[in-house]
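Shared chain: subunit A. Partners: subunit B in the first complex, subunit C in the second.
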Partner chain A sequence: MMPVYLAYLFSGLAVILALSTILQKNPVYSAASLIGVMIMLACDYVLLGADFIAAIQIIVYVGAIMVLFVFVIMLLNIEQAKREKLFIPRRVVGVLLGLAIFLKLSIVGYTAKVMLSKGYLKIPKGADSTTAIGKYLFSNYLLPFEVASIVLLVGLIGAVVLGRREAK
Partner chain B sequence: MSFAGLVFILIKIVVVFALLMLTVAYLTLLERKVLAHMQVRVGPMFAGPHGILQPIADGIKLFFKEDIVTKQADKFFYFLSPALSIVPVLLIFAVIPFGDKSDIFGLLKEPIDLRITGLRIDILFIFAMSGLATYGVVFGGWSQNNKYALIGGLREAAQLISYEVAFTLSVFGVVLIAGSLQLDKIVAMQKDMWFIVYQPVGFLIFLTAAVAELKRTPFDLPEAESELVAGFHADYSSMKFAMFFMAEYASIVACSCLGTILFLGGWLGPSFLPPFVWYMIKVFILIFVIIWLRGTYPRLRYDQLMKFGWKFLIPLSFVNIFVTAIVILLVR
Partner chain C sequence: MLASYVPILIFAIIAILFASVTLFMSNLIGQKRPSEDKLMPYECGNIPVGTARERFPIRFYIFAMLFIVFDVEVAFMFPWAVLFKKLGILGFVEMVVFVLILLLGLLYVWGKGALEWE
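This part shows the complex of A and B:
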């Protein structure tokens, strides 16, 4: 199967670029590698048939968030922003955080699998993924959707408040 | 996919690419001529009658110019950036339709789609690619290690983040009415009435944000020649410089095609002209408007640009979507 090889290719490139993100000394190269990771993930989504998610991944992460990252890196003095030390020696915190993320991803993956196999989520064959996502977001998952938007709003207001205090 | 199908798609790609490059080359002449006549000059006159061969002369000149790489430049991104800026723009043309199904005046047995390919998420794909196109300019400006270019790149990043929002939102009025993200379906929905009639505000926001995305006057701050020399491409020369310019003009064509499809009824028109001709006429009207703006307006100041984007265009596009959605709910 061709898509399986392509999936290995894109995922492998994503892992290599992710390593490059944390191992590069120049922050601009790090940011560029992260952009590469996002694009590779979008390619994986396309292979999974989730074309809507793939497009949103590129529009939001590559087209907006990473532009902001690059903007800030370029606005700061590049020479000062170069990292002398690659790793901060806080092993316990690092290991704990890594375990937490691993646990979280496993739970999410497992619940998604259970949901699909028990038929909570039905994706009709050959259907438009945009329509399917839209229907689920505004019916079964309306509450989580609204809660997520409020969390984002709180973050936004928090950022504005912090920014204003600094300016005074 | 069969071998014949592959060859067929390759032929389509070559035809679209050749036509696009020809259009881009002659767009430079069109712009110089239109601006010249607006300023009571004659423009290029020597290469061929009325300067008709000027783009070809320019192309040959750029091709044979020395390719300079400055000492302080970051080599990797310096080489990558011109490609980063042109590839996404060319990819946009993979989904843009140029006409209805056609058998090209009886030349073919079965009618074919006049587009390279179609996706279920055409519009989102176009926005994704236009977001990617930012990086060519941003990294290009940074890689030259030169303060004018860096400021040009920074301005580009800030300007694109600001206007991308309004650009994307302005289109969703049309998507709400059409109920589809597919460009050919959106054109088919406009059989009775062009969407510009239902979405006049949306069209104006689209045009304004598109001019800002294209870095054209009055929003050409990333390459403001009077303050930044040439902005993000200050150190570039030869074909690398030409690639930045090709990307810019190709995105003008892409934006005009998108505007035609979304708001001006695409290839629909009275039947005394073939659909493709109607399409071309509309696209060239939009291109002319964009050139016309350059001949008419002075450049905005940077704070005016930001204020206009965030405090006027974005709220207005939210209001536009809100009103459109309510009207659709009431009508249906």
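This part shows the complex of A and C:
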């Protein structure tokens, strides 16, 4: 039963750090808290037996996406967020959207669970998740895999087009 | 399977403890005689010129973006590398197509001169 308590610990820390992310006044502290959230989520993935996703979470999110966030903070030179009031009417929309996403993710999670129990996608027992993901990625889901490279290509070109304006 | 993560957990706990204990102890037992020179930000011994919080050119952002794209590319390579022998020639061709598409992007970026710092 140890993993259950660990899951509560990591998830609880993730929630606390997420709150810290949105409540910090200094954007650099927010970014640091967000790194903590990502690492805690990686720990949760490990507990779920998804060690590949956990490693990718660390490599891509903590290693790369956070660099992007920190660069945005540096680009915009945000000294201190002006945030006198926590509750303004506009935020209600944000809360509603957050709840909608929560509902959506709950439904997705439930359907995934049902699908797995029906044997729609078999995760071989004993095999590590990297092998399982690779097996599906390079056979059943070959098209999404190749499309992923096109999506990355679009991102690459988009970044260059957006960033080049200043060069001339 | 979770047992193989215990060393990582121990390592993380030791790392956190080491950092926090070091900071806490030096704060506790270190003597503090602040002076203006001591409290100045240390910039390789030079006297600081202006604030460190300056806007950075967007160039950095492009490099970060390029880094992310190829980081994600590498992420796809891990399962491929693990299964390389099993996938055979088909897996090799799949990955070559994947890399070629991204290589096209790299050539585009190179051709546009986005890699030059100037």
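In this text, the second predicted complex is superposed on the first by the 134 of 168 C-alpha atoms of A that agree within 3 Å, B and C clash if a C-alpha of one lies under 4 Å from a C-alpha of the other, contacts with A are read in each partner's own complex, and residues count from 1 in each chain.
The rule is short, and it goes like this: a residue touches a chain if its C-beta (ideal position, glycine included) is under 8 Å from a C-beta of that chain, and two chains touch if they have at least 3 such contacts.
As the structure is a computational prediction, the values presented were derived from the model and not from experiment.
Residue contacts after overlaying the shared chain place A:L9 against neither subunit B nor subunit C. Counting the residues of subunit A touched by each of subunit B and subunit C gives the higher count for C. When the two structures are aligned on the shared chain, A:I35 is found in touch with subunit B, with no touch to subunit C.
Looking at the shared chain after the overlay, A:A18 reaches neither subunit B nor subunit C. By the document's definition of touching, of the two partners only subunit C reaches A:L156; subunit B does not.
Of the two partner chains placed by superposition, subunit B and subunit C are both touched by A:T130. Touch criterion met: A:I58 reaches subunit B, while subunit C stays clear of it. Touched by subunit B in one complex and by subunit C in the other are residues 52, 55-56, 59, 63-64, 67-68, 71, 74-75, 130 of subunit A.
Against subunit C, the residues of subunit A that register as touching in their complex are 3, 46-47, 49, 52, 55-56, 59-60, 63-65, 67-68, 71-72, 74-77, 79, 130-131, 133-135, 137-138, 142, 145-146, 148-150, 152-153, 155-157, 159-160, 163-164, 166-167. Looking at the complex, you find that subunit B touches subunit A at residues 74, 77, 119-121, 124-125, 127-128, 130-132, 134-135, 138-139, 142, 150, 153-154, 157-158, 160-161, 164, 168, 181. Interface residues of subunit C, counted against subunit A in their complex, comprise 1-2, 5, 53-62, 64-69, 71-76, 78-80, 82-83, 87, 90-91, 94, 97-99, 101-102, 104-106, 108-109, 112-114, 118. Taken in their complex, subunit A has these residues touching subunit B: 28, 32, 35, 39, 42, 51-52, 55-56, 58-59, 62-64, 67-68, 70-71, 74-75, 128-130.
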